[in-house]
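Here's the structure, in structure tokens; my notes come after.
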Amino acid sequence: MPTMKSGPVWEGKTVYKATITVRLKESVLDPQGSAVQGSLHSLGYEEVRQVRIGKTMEVWLETADFQEASDRVDAMCRKLLANPVIEDYEFRLEKGA
Amino acid sequence: MPTMKSGPVWEGKTVYKATITVRLKESVLDPQGSAVQGSLHSLGYEEVRQVRIGKTMEVWLETADFQEASDRVDAMCRKLLANPVIEDYEFRLEKGA
Amino acid sequence: MRFAVPVFPGSNCDQDCAKAVREVLERPADLVWYTEDSLDNYDAIILPGGFSYGDYLRTGALARFSPVMEAVAEAAEKGKLVLGICNGFQVLLEAGLLPGAMRVNDHLQFRCSIQTLQVENNSLPFTACYKQGEIIRLPIAHGEGNYYCDDQTLQELEDRGQIAFRYHGENPNGSVAGIAGIVNRRGNVLGLMPHPERAIHDWMGSRDGARLFRSMLQYWEGMYGAA
Amino acid sequence: MQPEQKTDSVMQRASEKEPTPEMIRDQELFREVGLSLEEFKMITHYLGRLPNWTELGIYSVMWSEHCSYKNSKPLLKRFPVDGPRVVQGPGEGAGALDIGDGQAVVFKIESHNHPSAVEPFQGAATGVGGIIRDVFSMGARPVALLNSLRFGQLHHPRVRYLFEQAVAGIAHYGNVIGIPTVGGEVEFDASYDGNPLVNAMCVGVLPQEELQKGVARGKGNPVIYVGASTGRDGIHGATFASEELGEDAEEKRPSVQVGDPFMEKLLLEACMELVKKNILIGIQDMGAAGLTSSSTEMAAKGESGMELDLDQVPQRETGMTPYEIMLSESQERMLLVVEDGREGEVQQVLDKWGLQSAVVGRVTADGRYRIRHRGNIVADIPVNTLVDDAPVQYRSGVEPAYYRENADVQPEKSLSQVDPVDALKRVLASPNVASKEWVYRQYDHMVRTSTAVRPGSDAAVVVLDGLDKALAMSTDGNSRYVYLDPREGGAVAVAEAARNVVCSGAQPLGITDCLNFGSPEKLEVFWQLEQAVDGMSEACRRLETPVVGGNVSLYNESKGTIHPSPIVGMVGLVENRRHITTQSFKRDGDRLFLLGETKAELGGSELQSVIEGKVAGRPPRVDLEVEAKLHQGILAAIRKGWVSSAHDCSNGGVAVTLAESTFGEGLGAEVDVTSPWDPIVFLFSESQSRAVLSIPPQHGDAFRQLLEEMGVPCAEIGRVTGDRLTVRVNGQQVIDTPVQDLRSIWEGAIPCEMNRSSTN
């Protein structure tokens, strides 16, 4: 991992990896999804019924414990990583690089 | 990766949902990730060590069985949904809307 | 009347906006670096187009946390005129100074062209020099101008006359109700995707944008006299 | 220091994985990096010992065609490079021409063909990023971008994917950085099916005293690295660009770089500030061959040496070897040399823009290029052997058989029976002729609010702040003509570019060129290259447009050889904004004049291609004397204020010229001519040195008199009127069609093709 600081434990901190998924709310029309669906159809994938496109973000962070990591990631999502007007988010947290 | 074997098909088709994650290959520069990391730092999230941003796509499709769904999704990824030059993909397949 | 044009890393229409103010209104316009935290010396603010922070994550999402954005919010609060053009509009949405959010164009491509618009409300500080319902031509240049808001918000925008401009004829990005520009409830903050600063001389292909700036000046002079 | 001592101190291997110098020699590993045995021997001779792996890598990129022009150098010498306006000729990042008022225009074109074939979006985007750096590293503010593209046939889904993605990549980079993409050209032909061409051009402006150079001077001065950190991306890109696209092109994919236009915007603004502060001794971008070529070229130009410490180089991946650091082509990086002690001032500017930087070395006086890594010297090379003493290949070409065979082909005969209306519709629907709006509507062509003529007319025009002047610019090249007769085709490329600029109201000033050809090791290809360069040189001499810079892209081969494709990027000066002219008809009642002489020339024409599906015969010839007179005549009339519209005749001949002139405003025309030729030949011949001008009725007579006095054939052929295009030839009505019908065909052709799916 390019910019990451060395080992998993450092001054009592642990590296966690959060995998965040940000999706458009269901009520919001997804232009990218519709376009991709159109392309899939014209490529012969007519069995495709719907496509929705979202973002996945992997954030590595170094915190004291799991709870802190979880709180911080949640705050990042609320503040910056998702736009509550049109998006929902969820994340998964795991220990280690 | 899907492992379920397909059973005999007696009737119509089933809807499967594929959740595809497309990520930049590790060696490929992710300027977006770096910019977001910078912003997180300046927002006070200094514990963030690295950010990588990818796409998640949900594709609903109607096929005869699990195996067919899996093959078709894999082909879609190779042909259209992921760019094999700079991206890797993986997907999860589940039954039902 | 003194204009501030905040510059974020990645802004690229900042000079164009300042130039338009100088050429159309012959009023001073200063470029203000995004780290500034006061805009007290200015009467109006233009958030310029471009790709602040590379448009990474979401358009306008990273710029909204700049120190200068607090000053912009303060200025809006005080009733000063705030105009967000293109990326500036996107920043205003992310900052919550205008309702709604921006999505990628429905055809997924960047689109640059001169578009016809209809003036939906000419009683705003930004539109007084247009006729109600007038059809004007302004350039657009964006990949994410597909404005979204929920039905209730849309109803409110319609009811309160907050829709300033709508695309006329072709909708170039799929925006809800053909919206090209909206104001806040108070009417002193306008965000629009088209670029009025790119339409101030005939050689540019249109000069319909000039009157937007003139409207701002006229409004201000109406409030404070021709100083 | 004694040379012998130094040899001892150079580390033989930087990592266990690297081959030893002996292995390189014994197993001929130099071939893997594109060096021949002969070249390897030269290296050994220059070093006085065997090179290690890092040194070998450095030589291999510096001696690649891309950096050293080993195959094309002798030919490039034939170009005229001087002229009264030349401020900077070939040899720097970009050329510069005097435009008066103490200002210069700085411009250059460059290819990014191979990267775009592998990853079209990023390949094209980084091509744009690279050419922009070339221009602002000269100290110039970039004001416009253009491009020249070649793709295969759009009925292939893969070709559509390449086209769509390359255009999106070009758009992305230019749009984000905020430089308008104002022009360009696109051609489609089967010969590019597996090997598209993506050439990007950037035009900048600067006060002449601010012109920068890529030099390293002054012993002890710091060498500063600015911008993105170095990763493993793009390693060996320069070598990759100098090879054929073989079956293994896919495996070379790791060498794809990703562009970050946001970073480059910061770099651009920071460099502009540094230039204004006048603290730079030298500045050069890290383009092809990255740190290696920028640093060695700076040292060679400054007649200095350089010592670099790779541990100081910002890196975004761990465990990079010296070889990898030196050869990485990570984007958005610059190298600066400043006076010792002024690092702080530089730092301040870079900090403001949030750019990372590092002092990575010092200028030395001993002519050595020395690299340290983890305390060891890993390379120690005489600088000049990398740059000035790079080997040169002298070849002479062989005339290909197809050229002789084509002498007998007479397309004028076989095509004469085609129905003119049907032919016009098919030509307008050909993607070569059809509207390129699908492309340029994706480019922000208005940012900077200086674009007076947007894409869609003969040349783009960009006004200059605070001056009454403007710059006209165009990229041109007709690859079919060059294939049929490279000498004529080369000359036509220059003539057509100049004609486009002239029709916009500008005096042509000079060119930059990109020579896109197949493998020079094929002597027929070398012949094409040689002939094309001669044709271009001749035209540049006669039209007084020196070549101030350019780029060579050889080995464009995949399944076969591409059509030889020299591209000309022309810049012209509009003296007064009132002279700016566009191609669309403006007023009902204006009189129409056809300037120049129409001959029966359908070899390599669009008509031949759409009707017969072939490229055969001899292409149109260009008489440069006649061409020059035409330019003078058109400019004289424009300057008198007599010209409503001017549009040159190129692909598709007079028929297309007329049709395109009606599309802008939807104003039709009635044309009635007498011609010695069949209507189809008159309409679709692609004879050179012609243009159609519309003139307000009151100026018509004076216009004709002026042109005749100036020796330009000038026939009044009709007038602008109504909303139909009507053409009579020798009394026979051959076209009578609503403008709207023609326009929908022309506008719809490419979008319609592109609505079909594409796959990567």
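Chains: A, B, C and D, in written order; residue numbering restarts at 1 for each.
One rule holds in what follows: contacts are C-beta pairs under 8 Å (C-beta built on N, C-alpha and C of every residue); 3 or more make two chains touch, one makes a residue touch a chain.
Nothing here was measured: the structure is a model prediction, and the numbers come from that model.
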item	value
Contact-richer chain pair [B-C vs B-D]	B-D
Distance between the centres, which are taken as Cα means, of subunit D and subunit C, whole angstrom	36
Centroid spacing, where centroids are CA-atom means, of subunit A and subunit D in whole angstrom	41
Residues within subunit D bordering two or more other chains	231, 260, 262-263, 316-317, 354, 759
Overlap residues in subunit B, where contacts from two or more other chains coincide	31, 35-36, 39, 43, 53, 79-80
Residues of subunit C whose C-beta touches two or more other chains	53-54, 56-57, 62, 65
Pairwise touch network: line, ring, star, complete, or other	complete
Subunit C contact footprint on subunit D (complex, rising order)	168, 171-172, 175-178, 260-263, 265-266, 353-354, 440-449, 451-452, 454, 463, 577, 580
Subunit B-facing residues of subunit C, complex	53-54, 56-57, 62, 65
Contact footprint of subunit B on subunit A as seen in their complex	1-5, 13, 15, 21, 23, 33, 36, 39-40, 43, 45, 47-63, 72, 75-76, 79-81
Subunit D - residues contacting subunit A, complex	231, 316-318, 756-757, 759
Interfacial residue positions of subunit C with respect to subunit D in the complex	9-10, 12-13, 15-16, 19-20, 49-51, 53-56, 109-113, 139, 141, 143, 195, 197-198, 200, 203-205
